[in-house]
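Both complexes shown next keep chain A, but they swap its partner, so chain B is in the first and chain C is in the second.
Here is the complex of A and B:
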C-alpha cells in the first residue's frame, strides 16, 4: 500500500478521475479503510483524481482543483475575473515579502494564462476544457511551474502574516516552534516538501477559497463517517462563484476527491459554452 | 537569463565575484570568478568555478565546481561544491537543519555569497573532503598553510619551500 503511494516514477503527475472502487481494491486488506470509503461513496464522493506521491501532491491537487472549479463555475466570467484579481493581488504581494519576482514571473504567467484560457481562447487555439486542463497538469514543465508558484504564494502568506501563523509553525519532525522565514525556506519554498495544516491554511487563505480535506484513516468513528477538515474563507460553499476545493488525505498523501454532482455540472458547463464557440 | 541581466547590470556587491554565461550560445553554463575573502587563508586568491544549470532551473538548483579544485572541507576533491543552499529536498540525516536551502527565489548572487562565507567558515558537519575536515579539526594552522600555498600556486607565484615547513606530498 505504501509502496504503491510512493511508487513515484510510474504514476503520472495527475490522473484521470478513477472510481473509488480502484482505491478500495488497494485497501482490500484493511476493512476500516474500506468501510470509510463506502461511506464516502454513499455521500456521493464517487472517485478520486490521483496525484503523484512526490512531496508536491497537496500543492498540485489544490492548484488543479482550483482551476477546475473555475472551469466548472456556473458563472465563468465572474469566477475568472475573481481568480485573475486574486492572482494579480497575490503576485504583487510576492515583492512585499522580498521575493525576486523577476524569477517567478514565468511561473505566474503559466497559471494566469491557464485561468484566462477558461474564457479566452489561446491564440490560434481553443478555450480550456477538462482534457486540456489535465494535459497542462501532466506536463512537468507547466505543472511544476504552477506547483512552485503556489508554494511561493503559500510562503508569502505565511511570511506576511507572521503573527497570525507563528503559533502553528513547528518543525514537522521535532514539533518545536521555528521562525517563519526559516520554516518557509526549508519546508515550503522548495519542491518536494510535503504540506501540513499550516501550509494548507495559508494557501487557501491566499487564494481566497474554501478548502475541505477528507481524512481517510483506519480509525472508525460514528457510522464509519470520514472527517472533513475545513479551511474556510467565507462565502459559504463558494467564494466569488468558485466552489470549495475538496481533497482526500490518506496518511502521507493528498488526492482530489470527486463528487457525483461534478459530473452533471461539467456536462452542463460544456453545454453552456457551445454558443460562445459558435459566435 | 533575467538573472544574467541583473548580475551584469548591478555587478556584485564589493566586487567579490563576477559571473556570467561562458558563451552567448549556451546560457546553461556559466563561469564565476570569486575573490578569496579577506582575513582568511584564501585572501588574495582568485578562483574560477563552473556553474551548470539544469533544464528545470530555477526549480532545481545549479551545480558549482571549482576548476582547478580548492582545498576546503566542503569542496570535493574534484572541485564540486557541497553547500546546503544548492541542495533541494528534505535531508533525513539531520545535517544542515538550520541552514539555507535551495528554492526558486534563491539566486546565483545569493549562492555565490554563501559560498564566499563558506570559504571563510567551513561547515564540518557536512563535509565533502573528509581528509580536509580532519586536517581542519586537528591541525588548523597546517590547513591554513596548505590553503595559502594552494592560493599562491594557483596564481603562479613560486612557493618558497624554505620558508615553509616541509609538506608531505599528496
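Here is the complex of A and C:
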C-alpha cells in the first residue's frame, strides 16, 4: 500500500490553499461541475486545500482542518484545552474496545503535541503557525501517524457503539451489511481505505466536531446548488470555539473547502512545501 | 528524536521482555530495529504437535504504518546463547500449510491489506499460530513450485495469481458485548 503511495504522483500529501479556478480548469470539459463550482464561489467558497488521492484523503483533510480551526480560534486557550481534553479521553477510550493504548501512544503524541504547540512553543522552537502546520502534515512520518491515529479513533467509536452504527455499516462494494469488527478491520483500521458516510459520522462524533461536507457531482438540481451534508455534534457553528470543519467531496476524493482563495501572504511566503515522497 | 518506528519497536520489545511472550511464542533474536526472529509452536492437539518454527520479522522505516515483512525461515539454525528454547544444534523448517510456500512466504491478509498499526509482533505471531492450529491438511499451496521459482525476496512485492486467494486472517481485539 505504501509502495503505491510512493510510486504515485509527486503531489504533496496536503497543499496550500488554491483558488477554485484551478479545480475548474480540471473540469473544463464538464459544464455541470463548473456551474456548481461557480455556485460555491458565489456562496463565498473561493478556494480548496487539496490532499493527495491516496485513500487517506478524508482522514488527512479532517485532521488538518481540525488543527487549523484550533489555530485560528478566537479563544485559542479554550480551543486547545477542549481539544486536548477530547484527545486524552478518546485515547483512553481506545482501551474499551481492546486496543492497546500504550502501543498507540506514539501516534497520539504526534497529534497532541501539535495541538499543544498552538499555545505552547515546542522546546527551543516556536508556537504553531500556518506554515509549520502545513509542514507537519506534508512530512510522511508525522502526517501518516496522525491519519492512522484518527482511523483508530473512528474504529473505536464504531466498535464501541455498534448498535448505533450497525444499520449503516455495509460492505462498500456489495452494499451488504456486515459485522462492525470485520468492517473496521477491512475498511477503517488500515491505511489507504477510503472513508464513507459512516466513518465520517463516527470520527466527527468521536472528536465532538461539527463536520460539513459539500458534495460536488455532475447532477444538476435547483439553482446549481451543491448539497452540504452536515454531521452536527453540539454547539452552533462552533464547539468550544472550534469552528465547523468543511470538506469538499468529489467522486472518490476529499479536499478541504476554503473561504480563502490563497494562503495568507505572510505565511505563504515562508511556507515550506516539502515533496511528499516517502523516506 | 528517535523515529516512530524505533520507539514503537522498543516499546514492543520492553513489553515482551517484562511481561513475557504469549504461550507458544518465543523471542529468539531482537538485537536491532530492522529485523527480529520469533519462535512459534502450536500447542495442543494439532497437525503440528511437537514442531517448532522460526519467523523472520523485517521492519521498514514506515512500521507500524506499514506491515512488517514476515516469513518463516527455511533451515533455521538458532544462534548459540539465544534466550529461547530453540536449540542451536537443531535445524527448524517451514510448516507444511496450504498458505505457506516452501520458501517461507506466507499468504495471509493480515500481512498485507488487513494490516493495521494496532497489530504488533506478538499479535501477528498469535494469529499465525492460530492459522496453523486450524489447519486440516498438511500441504503446500497449489502454485508452490512456480511461485518459489520466481518469488522476490520481499513477499510484499510478489504478485499472486488470482486463482490463489490470500487467506483472510485477522486479529480481533477483545470483542465488546453488545
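For this structure, a couple of remarks:
Basically, the second predicted complex is superposed on the first by the 251 of 279 C-alpha atoms of A that agree within 3 Å, B and C clash if a C-alpha of one lies under 4 Å from a C-alpha of the other, contacts with A are read in each partner's own complex, and residues count from 1 in each chain.
The rule is simple: a residue touches a chain if its C-beta (ideal position, glycine included) is under 8 Å from a C-beta of that chain, and two chains touch if they have at least 3 such contacts.
Please read these numbers as outputs of a predicted model, since none were measured by experiment.
Taken together in the superposed arrangement on chain A, chain B and chain C clash.
Between chain B and chain C, it is C that contacts the larger number of residues in chain A.
In the superposition on chain A, A:189 makes contact with both chain B and chain C. Touch criterion met: A:110 reaches chain C, while chain B stays clear of it.
Of the two partner chains, both chain B and chain C are touched by A:100. After overlaying the two complexes on the shared chain, residue contacts for A:48 are found with neither chain B nor chain C.
Residue contacts after overlaying the shared chain place A:144 against chain B and chain C alike. Looking at the shared chain after the overlay, A:209 reaches neither chain B nor chain C. Looking at chain A, you'll find residues 99-100, 102-105, 107, 140-141, 144-145, 148, 151-152, 182, 185-186, 189-191 touch chain B in one structure and chain C in the other. Across the complex, chain C meets chain A through its residues 3-4, 7-8, 11-12, 15, 60-62, 65-66, 112-118, 120, 156-157, 170, 172-176, 178. On chain B, the positions that touch chain A within their shared complex are 2-3, 6, 56, 58-60, 88-90, 98, 100-105, 107. Within the complex, the chain A residues that touch chain C are 1-3, 96-100, 102-107, 110, 140-141, 144-145, 148, 151-152, 159-160, 162-163, 181-182, 185-186, 189-191, 278-279.
Per the touch definition, chain A reaches chain B in the complex via residues 55, 99-100, 102-105, 107, 140-141, 144-145, 148, 151-152, 182, 185-187, 189-193.
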